[in-house]
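As structure tokens, here come the structures.
Common to both upcoming complexes is chain A, partnered first by chain B, then by chain C.
Showing the complex of A and B:
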């Protein structure tokens, strides 16, 4: 175990190295590329025995990763924004074919207009894809979630996206503790499940006629529901082994007697913890609920965590046009029938800053606002 | 009742040869009439190889035929008739 300064991208690369990935398929895109750079350095230095498949597009990157996974290897790729959109067809293939591929996504705003700045819209666009989504609040969690992602993926046989925001996380140095390789090997033993097998030839992804397709989809969704339990148990096991508890599907902070809860995911969480401390010192009963797993959506966990509060404020770094922020919409749906005021705000799109100052303003604004009918309020225009 | 299916959507290699899909969605099938003069044009035009000559006779392989009707359209003798798969008030599958 050692502590060092790492960017989020490097933390993802160290996670991949500790997981002893066997295949990396990658096409360069900003801001995801430093993860690939660091992994190729590991390979070049002889520290990692990984086949690096260089491809001509993001679509091919995930296609190569999917093929490698079908052949039984532990497989990883990295992308963001346009790259994620370009590989979307294979994103769905990977989930439908139940392959435990892990993908790091350095969340970036989607074009048009063109932007290279952080936002969560790219991940949100894949919310129906059948991938498990984990959102990380800091670089340590990026590394830890990478390792948990492989364990979760290989247990329920679904792919996992590990989301961290471009620049805010991907390019910012933080102290990160790197776990011991031998302990990781015990936590995450290599289990190869091969579908492509020359001894037992199979036709993969054959046409499923109407009498089969729906049954396959039921099973796929069942695996997603299984993940609701597995994410928690993997998190607990990791906490026991490595001493860091990221608390399963959601994490709560100062929620015991909270009257007003802030709900968000990703980089906003670390700032929100500071805001909660500050407001608490002024006597305000404010708490924080962090959505760590966005898919499967932790509806029941949120109902439990939010059952005593009077006011919920949700921050969405994404916009689903004509509907509102994804988290705002989904938290409302999860709490249907519960007597609570819910205000949600779209903020921080395309790299617009959301610091402790903005979060505090959002909470103040929410306290003054009556219950809203939609999830389409904008903050910081 | 959910079917017991493999986790990864797969089928045994060659299963498509064993059970071709055409039969499940074909709506008409060809029947060769007595005025056939054995010119064999239909065997050349059939895109699925569903009509072959065997021992001086035309033989239909209905597990390959998708019912497109090209054979009947091309037959100069009008010696091929397309018969609907569903017939009668009950719509009984042949």
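Showing the complex of A and C:
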């Protein structure tokens, strides 16, 4: 094990390297491209024995990764924003085919208007796609989640997205501990499943009539429900082996006696921890709930974590037009029937700053707001 | 030594119990190609008649690994399959993407040109029935000039895009046209393509009797007339060397065109123009 300074992009690249990916396919896009270039450099330097398919588009990137996965190889791709939207057709298809592809997404705002800055709207647009979504709070978690992602994917046979925000995480150096390769090999042995195999010919994705289609979908969703358990067990196993516990579906901070909880995901979490410490030092009973797995949605875990609080404030770096923030909407739904005040806020879209200052202001605003006029209010306009 | 029908394997890897129409040109193409490719082949087929006729629910006619892909991704998927086989040290497997004219020349073109440019170790096959038959027969880039389709009742007034020339321009290992009326020529070309270390492209004229409005039992006959008239030239470009593999006998083009319902309204002027084009191509006098 060694500690070094890595960007989120580099952390994702080291994760792919430690996972010994066999096939890599990507199409360059900002801000995900440094992760791509770093893995290609590992290959060029002979540090990684991986086939790189230099595709002509994001759409083909996931298609090639999918083909490689169907042929039994561990595969990885990286993208964000427009690239993710362009490959969306293949995103859904990959989940339907139950292929354990892992994709890193350097979350970036969607056009129009054009923006190259961070936001979680790209990942949120894929919430119904059938992929497991993990959100990372710092670069160490990017690396650790990459390794857990392959284990989760190969256990439940569903693809996993590892989300970290563009620039805030993808281009920012942090101290990251790189696990030992031998220990990773023990944690993550390759489970090879060849769906396309000349020794055992099968027809894949044949036309499913109404007598069959719905049952396939039931099983696909069942695998997602299985992931609710598996994400936790993989997280515990990783904690035992490597000493870092990312707490499964959700993480809680200072929630034991909290009266007011902030709920969010991604880069806001590391800042929110500082805010909680500060407010606690002033005697305020504030706590934090981090949604680490957004899909499958950890409704039961959230109900448990939030059952004693009087006020819940939710921060959403996304907007589902005409509905509100995705997390706000889903947390409200999960807590249906629970007697608690919930205020949710859209913030930080297209790279607008969300620092400790903004998080503190949101929490203050929420304290003063008895009942929101709409499902989500906009903060920081 | 020339190939003979007696040399062909008896094994049927595609076609027994497919769900295509009787007289389907695409199904004939699939059956012939599999005689050359053999059982150690992985085939990807995007949205098309060929994909849907190959299997439904728990049944399939394919005796090899077959994957019905999304419409525009088959060559990209096959690139990934080859990468995985290479990573696993599996060398003796043919990797094939097989699409209709839409999945090749139109919606599928981006992934195709990408895989060809990378000179992936695979082949792409276009079975060309010159219209979008799986959705009822609409016009596409491979629809020939003047042909009537379900969404252009007055006929298409633009020429067919020359996919073979486009693929030749990629300077890949092997490019060939083929016809289901010339099975030995077709099979020999698939065998050559399978031996290449890089990318091969085979473009098969595979009539669809429904779209072309010809009798179902005349599919092969019309495929032959297209070659005999010189309208569909059978040739190959093998590592840059261009060879015509079947010499046309130059029956009048109208003998091929006029019996087809889709060309029913062809004027004499149009026919003369098409004939003049054939004559020019082969350097024949008027």
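Going forward, the second predicted complex is superposed on the first by the 379 of 381 C-alpha atoms of A that agree within 3 Å, B and C clash if a C-alpha of one lies under 4 Å from a C-alpha of the other, contacts with A are read in each partner's own complex, and residues count from 1 in each chain.
The rule is simple: a contact is a pair of C-beta atoms (placed from the backbone, for glycine too) under 8 Å apart; a residue touches a chain by one contact, two chains touch by 3 or more.
Note that the coordinates shown come from a computational prediction; the quantities given were computed from them, not determined experimentally.
*Asks:* Putting chain B and chain C onto chain A via the overlay, clash or fit?
*Replies:* They clash: once the shared chain is superposed, the two partners overlap in space.
*Asks:* After lining up the shared chain so the two structures overlap, which partner does A:204 touch, if you call chain B first and chain C second: first, second, both or neither?
*Replies:* Once the two structures are laid over each other on A, A:204 reaches both partners.
*Asks:* So, does A:157 touch the first partner chain B, the second partner chain C, both, or neither?
*Replies:* A:157: touches chain B, not chain C.
*Asks:* Is A:41 touching anything from chain B or chain C once the two structures are fitted on A? First, second, both or neither.
*Replies:* Once the two structures are laid over each other on A, A:41 reaches no partner at all.
*Asks:* Go through the superposed model and pick first if A:307 touches only chain B, second if only chain C, both, or neither.
*Replies:* neither
*Asks:* Between chain B (first) and chain C (second), which, if any, makes contact with A:114: first, second, both or neither?
*Replies:* After superposition on chain A, A:114 lies in contact with neither partner.
*Asks:* Tell me which partner A:217 touches in the superposition: chain B (first), chain C (second), both or neither.
*Replies:* neither
*Asks:* Is A:98 contacted by the first partner chain B, the second partner chain C, both or neither?
*Replies:* In the superposed model, A:98 contacts chain B only, not chain C.
*Asks:* Given the touch rule stated above, what does A:183 touch, chain B (first), chain C (second), both, or neither?
*Replies:* After superposition on chain A, A:183 lies in contact with neither partner.
*Asks:* According to the contact criterion defined above, which of chain B and chain C contacts more residues of chain A?
*Replies:* Looking at chain A, the partner in contact with more of its residues is C.
*Asks:* Per the definitions at the top, what is the overlap between the chain A residues touching chain B and those touching chain C?
*Replies:* Residues 70, 201-209, 211-212, which sit in both footprints.
*Asks:* Sort out for me which residues of chain A touch chain C in the complex.
*Replies:* 22-23, 25, 49-57, 59-61, 63-73, 75, 89-90, 93, 192, 196-198, 201-209, 211-212
*Asks:* Which positions of chain A touch chain B when the two form their complex?
*Replies:* 70, 96-99, 157, 195, 201-209, 211-212, 215-216, 218-219
*Asks:* Chain A touches which residues of chain B in the complex?
*Replies:* The contact residues of chain B facing chain A are 2-3, 5, 7-16, 21, 24.
*Asks:* Going by the contact rule at the top, pick out the chain C residues touching chain A in the complex.
*Replies:* 39-42, 44, 52, 54-60, 62-70, 72-73, 76-81, 83-88, 93, 110-111, 113-114, 117-118
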